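Okay, so here's the structure we're looking at.
A, B, C and D label the chains in the order they appear, each numbered from 1.
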Amino acid sequence: MIKELPLISPDKFHDECAVFGVYGHEEAANLTYLGLYALQHRGQEASGIVSGDGDQFFVQKGMGLVADIYNKSVLESLPGYMAIGHNRYSTAGGQDLKNVQPLIVNFAFGNLALAHNGNLINAQVLRHELEAYGAIFQSTSDSEVIIHLIAHSRASTFLARVIDALSQVRGAFSVALMTDNGLIAARDPHGLRPLCIGRLRSSWIVASETCAFDLLDAEYVREIEPGELIVINDQGLESHHPFPQADPAMCVFEYVYFARPDSRIYGANAVYGIRKALGRQLAQESWVPADIVIPVPDSGVPAALGYAEGGGIRFETGLIRNHYVGRTFIEPEQSIRHFGVKVKLNAVPEVLADKRVVVVDDSLVRGTTSRKIVKMIRQAGAKEVHVRISSPPIISPCFYGIDTPTKKELIASSHSIEEIRKYITADSLAYLSLEGMLKSAPGSPTQYCNACFTEKYPISFTRAEELQLGLFEPSA
Amino acid sequence: MIKELPLISPDKFHDECAVFGVYGHEEAANLTYLGLYALQHRGQEASGIVSGDGDQFFVQKGMGLVADIYNKSVLESLPGYMAIGHNRYSTAGGQDLKNVQPLIVNFAFGNLALAHNGNLINAQVLRHELEAYGAIFQSTSDSEVIIHLIAHSRASTFLARVIDALSQVRGAFSVALMTDNGLIAARDPHGLRPLCIGRLRSSWIVASETCAFDLLDAEYVREIEPGELIVINDQGLESHHPFPQADPAMCVFEYVYFARPDSRIYGANAVYGIRKALGRQLAQESWVPADIVIPVPDSGVPAALGYAEGGGIRFETGLIRNHYVGRTFIEPEQSIRHFGVKVKLNAVPEVLADKRVVVVDDSLVRGTTSRKIVKMIRQAGAKEVHVRISSPPIISPCFYGIDTPTKKELIASSHSIEEIRKYITADSLAYLSLEGMLKSAPGSPTQYCNACFTEKYPISFTRAEELQLGLFEPSA
Amino acid sequence: MIKELPLISPDKFHDECAVFGVYGHEEAANLTYLGLYALQHRGQEASGIVSGDGDQFFVQKGMGLVADIYNKSVLESLPGYMAIGHNRYSTAGGQDLKNVQPLIVNFAFGNLALAHNGNLINAQVLRHELEAYGAIFQSTSDSEVIIHLIAHSRASTFLARVIDALSQVRGAFSVALMTDNGLIAARDPHGLRPLCIGRLRSSWIVASETCAFDLLDAEYVREIEPGELIVINDQGLESHHPFPQADPAMCVFEYVYFARPDSRIYGANAVYGIRKALGRQLAQESWVPADIVIPVPDSGVPAALGYAEGGGIRFETGLIRNHYVGRTFIEPEQSIRHFGVKVKLNAVPEVLADKRVVVVDDSLVRGTTSRKIVKMIRQAGAKEVHVRISSPPIISPCFYGIDTPTKKELIASSHSIEEIRKYITADSLAYLSLEGMLKSAPGSPTQYCNACFTEKYPISFTRAEELQLGLFEPSA
Amino acid sequence: MIKELPLISPDKFHDECAVFGVYGHEEAANLTYLGLYALQHRGQEASGIVSGDGDQFFVQKGMGLVADIYNKSVLESLPGYMAIGHNRYSTAGGQDLKNVQPLIVNFAFGNLALAHNGNLINAQVLRHELEAYGAIFQSTSDSEVIIHLIAHSRASTFLARVIDALSQVRGAFSVALMTDNGLIAARDPHGLRPLCIGRLRSSWIVASETCAFDLLDAEYVREIEPGELIVINDQGLESHHPFPQADPAMCVFEYVYFARPDSRIYGANAVYGIRKALGRQLAQESWVPADIVIPVPDSGVPAALGYAEGGGIRFETGLIRNHYVGRTFIEPEQSIRHFGVKVKLNAVPEVLADKRVVVVDDSLVRGTTSRKIVKMIRQAGAKEVHVRISSPPIISPCFYGIDTPTKKELIASSHSIEEIRKYITADSLAYLSLEGMLKSAPGSPTQYCNACFTEKYPISFTRAEELQLGLFEPSA
């Protein structure tokens, strides 16, 4: 028998979306394509671009990777001087183009497209209210709520309607909207997900991460602030702060794993450097005598380098990452148990044999992959295997736009570190401390969300929301 | 305007093929699929599997990557207890399934399939002779000559015909053949390309590199020797040495770049370790004061680690390799000149700014990519950029199964090292010496082919062949 | 140069849609597929099926022919005991799956699917009103108005909401709706388009024409009456007459051309017999001495047979209809002017040479095809060509669900019969009289719409609607 | 459960191929496409075109209908001033592009393409001989033998090699070959299959039937004679008669059923007229009192018209042929027994009820379809059903390029007419007599093959061939 094995790492949190927008460039869709290409790591299941020429919207969407969806003829069917785009990492449904963003609608007063990174915790409640008024939803996406709120708003200008709508949603949103006149981009008052502003000569760009600017040779201007809304049109860029102030709560996990190491986020803070700092701090907190430090590639590389430097232990690449890993893998029956991870990673016995090995990864979610990696390293001859994780134990799901398992599946939510160590069969296991992580992140520790490590959610839930989000499981 | 940009590195030599075979396993095609998956780096344009059940052959071929060609239903249409497979990196024609191997024919005396890694230098001459006898060729592949030689042989047994045929061809061949009775595998007398034997319980396996065995949890048995031919059938494995003895001339470039770092080739020699040794030797030969050593990822990593260790300079990852690079890239007009390399690699300014940087790569072919990399590193703020190459200057093409540019396009064939340094805009440039390279490779230096570095071809050419292979260009 | 030629006859009116529904059969989707197959002539551009199992809806849609869209796996993904389906002949946009019916929505109170044959003349007006209330339209189809009217209705039960919605629309509708509980089917008060009820053992069926029942071996029960609405669920079939009474105005053109000749419509009236009667009447009104009567196959066959019998002239098939005519045809440059019609029809010189020929067709819209046919017949050697049309001159467009050219393009709207005769180069031309046509149709002449022949529209237009429908063209 | 039902009538003989060629036209491939379109009825499974510009060959092949395979870009990739094409109706293998013609090879002395209509009875014997000489066959097609015979011929010129090859094969061949210099077309000495010459201004055309000329507005010149070989190149058209003379034996079944009714074959004899004559003769031989004569459409139409005229009985169309019948049909489980035929044909009760019906078809092979048709007519209310077949009973298979069932499956090979009548449940059944058929065909009766009606094969078999062709089944 043969079955299909998904290869999107089941043992990681995953960012759900990338957002990109550009205004004032005759190749707006081409730039958006490049931006989405650079932001592919934030969503690999589907992608869409909507361009506009002031009169009309043009749209192309597809399932799969950016490079496969947008070919020559697709891009040439997207004229106009402005565009927004979106990559999606989908949790469920999946194969349904209806859920692929940007969402587009045609109102009485013109066209509107929306690209959203984040998650709205009161989406279900709002949806029920809107449906009672006759609204017909086309998708199961929480983002569609924003569009119906705009359509049902009684505010007189379009901008006022957008502000009206965004004021009613609670949760995480980094959004880009496109109208016939220009772009609007906004970040929720807590600033949970990143969103930054760039400039390419006379064009304005917004993107989830700066790596999108690098590919375009565009300049990084600044982060959109938490609670800020910007309007970009032929008058230039205009900044608003229309929402009630709130404490910033930027996702610290972006530093740990989500963002590309070559990006800067939250105000020009280089991710690579922070990751190395996490590793150095980890070495300080939980040094262990060893012959070599190896990363779980690629995400573990900067922290492993930091650990090696900080700990004075030799850095090696004892696991080789296969270049050709796709989204899925056909798994024949005869395969061994550890197949999944073998397809992605292979051990190098010459490096590992007879060594005391420290293996560094960024995070540990279910523990299943780590267990396989430890076994693979040991099978390659390692004498000792010490696992070091450059973030604290994850004990609670994220409700702000990250695809996470349920609380029950998070191994650290119900097991001690010693129990986890036994499960993954390591000789020792250490996580970075919460304080250690926050110390390595720039600025005040209070400005970051760390709810998945601490269960301290920056946005409170109503009882209805708690039930809906599955926070409290029915007592059986 | 939009154009398509191929992303298979134009500035590297490329292996042209991977070969895999298995006998005596009820999931023969599944194992072959896995083997080809692990050998993807030796050929990304097309792939094929032929399985057999003793009575019939079953075949599936396609253009593209292994993971995309073989889905559930494709694999389920390949029953039988034996199979051979092939990955192809094509030079020209390309889109033509006729050239995709394994080649299959139906003779009077049964079915035959052939998978070939290497290149036959007398293929054209033999083809003309065979055609004069009425042979009809279906493809433009040199490998088809072997099949017609078998068909036209007057030898009485099938094995004798194969030996007859392989005795007539000159050049590089690591081949796997499948008949209704079993497999035959052979390596040319010089042993130019690798081919090794593995075992999975009671099944025999042959594969170009050992990384294919690792994925299957199969055991590595030994390399097939230069000039050896093995027969695998229900009687087990039988070894022959039917060809006149010749001096071994195994491709040294497999160590430098072609093979996967986690493979062992030419008698269990670990590629990763040899690459690090090349880097250490390079540091010894051409050390330069610097703040950091960075690799051109991923192929440059082991040598860079070796250089860093040997040179006592800090290792960093100042270039980030994009995970989602495919075979081609749609390039919009507005793009900057260095687009190609930017899609694959991005610099990390935090690592590079104000640093004296040694950047290590495995080889340098045309120089175009290195030039772009140096500029990218400098643009990220590096104070000095010193390029170190862990192999000698390439001055001549390969005719033994490697896709190489013409002599003219090899920058080192007509430029001094100083001229190349200027072209790539580096502050300094050094290659590893020939002696240094051969010293880092295990065993006697004389057992390796190094013709592309020295122009000393282990197989002599007739005048006709020289002309055909374009060795001597017409005087203009 | 090569161009694409559409082969859907440009010289005919075209039915825009087929509707089918079934309740209470474990193979509901399979039956719907068969029904849509039999109703293919009412729409060839796209097709969709929605099935339901009481809990969930399942949907499959595609562009193209029924036989191409629904394969094994598509049908197997449509479980449930009820289903509705739709074939579409599209006028514009075309390639957009969003306009393909059945339309499906998810309300607060459950799922709803809609399949509509007909056209609503106040759709634009209603759409603007609904959008002012915040409704967001997903398609450009007039049918979507019905769905939003249901969603915005304040009536308390679902049935009351449907009645509320259908009471607000004016125009032609034969609709099938599916909810989680069962089907609703309705015909507008004028009964413009057909819709009939059938029964297959314990299952109820609705279909545009009875030929769908024949293929299923289902029994014909009766036509749904003008203004009737039926509800089908586990309580059986329930009939309502919720709309204000109106004079019946059933489309007479269904008899002339739209319906399949083997269907019965409007109360068990066999189309084939009526078409022959039209031909017999035509012979009586405009007999001409001739050697043979030939049809424009296939639609002209019954009337030609009637004419031949009535006129005592020998029937022959002098034009052969190609079996393999698809929706489009690639037309190379060198082709002659009359290419389009040649691909569909070829003349048989043996039949036509030296003959006085009466050629009978059902209707004449633009005259372009008739002109080509006359020339083709003459080229094959005919001495005289007399064209006879088994319906009156078409002088005005249809606004009730038929795809028609603008008034200007209707040759008879601005040309005398003699002028048309000259244009089509016939020796004589005669149309059936209005009285002749109505006499051949069963029952009272007043119960039929004949607006396209008389400009007497059974539903009056407001000024806004007139403008919108392009009834009055702007004076230039 | 759902299964796929093939809709190519299982109760008919089927022509296996169409051949087309053109020389001297700048749109050679376009003309070939049009010709193959017009010849679609001779092969619906696959099609191919090879064009040439004197230097190079260009090729496109595909599975399916002509209209689906050749789109704009496919046609534009076929430059050159000459081309040959082929439609194929395949018996077995099917999905394999290798068997799709034209076959193309590259010899030492240039390119060759071959399109073959017919069947070679000594193909297996020749294949074994050729394989013994080292020939490698790529397909299972008998036509490939011709190519290897040409390649192995020792004759000095290319034309001499072709003649050498065609002199060795026995059986039916109407072939078109293309070389770098021009076309060669030939018909076997018996002239079993048709092949005619046309002219479009300065270009020469060859085609299986004249309907291909009509679509091109080309002129019919003449039939290629039995045993004639023509060469077309820049010197014009040259005729040869290189084969030993043989008695003509042209397939009479082409008149009965295979050819399109609007074609002329075997020297300008109009098929339509002959079919009517067959029907008139049938009325004379086996008149029966009846109210109406109906055809099994479309192939039965001309004979039915002839029968009605000759018999003085009214012609009606009591069976309606569905316009949208494809190659296959998805058949859901619940379907009734007679599903297959219902998808293609529907009865019109208004025509048939209470009538004594004569139903005319061209031929009767297995009887299964006729049985269903009789039942369908009776179910529609007919009082009596009299079946009349416009050809004699088929008692033996065809070995000359027609797809026929085995002898055992031919109902008339082992059943009396009365037994067949009972099986098909008709009130009476009559076939046309052999003499009646031959009398209706133009010219001498001895010039036609009628082996399937008489078992008198015009080409004798060796014992080996008899076994191979399954003429004598193994006694069990």
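Quick note on the criterion: a residue touches a chain if its C-beta (ideal position, glycine included) is under 8 Å from a C-beta of that chain, and two chains touch if they have at least 3 such contacts.
Which protein is which chain? UniProt says A, B, C, D = Amidophosphoribosyltransferase.
In this text, all values refer to a predicted model and were calculated from it rather than measured experimentally.
Participant: If contact pairs are compared by residue number, which of A-B, C-D or B-D agrees with A-C in over half of them?
Facilitator: Looking at which residue pairs coincide with A-C, the repeat is B-D.
Participant: Quick one: chain B and chain C, Cα centre-to-centre, how many Å?
Facilitator: Here chain B and chain C have centroids separated by 63 Å.
Participant: Cα centroid separation between chain B and chain D, in whole Å?
Facilitator: Averaging C-alpha atoms per chain gives centres 51 Å apart.
Participant: If you average the CA atoms of chain A and of chain B, how many Å lie between those two points?
Facilitator: 37
Participant: Identify all positions of chain C at which a residue touches two or more other chains, and write them in rising order.
Facilitator: none
Participant: For the protein chains shown, what form does their contact graph take: line, ring, star, complete or other?
Facilitator: ring
Participant: Which stretch or stretches of chain A touch chain C in the complex?
Facilitator: Residues 105-108, 128, 131-138, 147-148, 151-152 of chain A touch chain C in their complex.
Participant: With touch defined as at the start, can you tell me which chain D residues reach chain C in the complex?
Facilitator: Within the complex, chain D contacts chain C at residues 2-4, 25, 27, 30-31, 33-34, 37-38, 40-41, 44, 65-68, 70-72, 75-76, 211, 214-215, 217, 260-262, 270, 272-273, 298, 301-302, 305, 309, 314-317, 320-324, 326, 328-330, 332-336, 342-343, 346-351.
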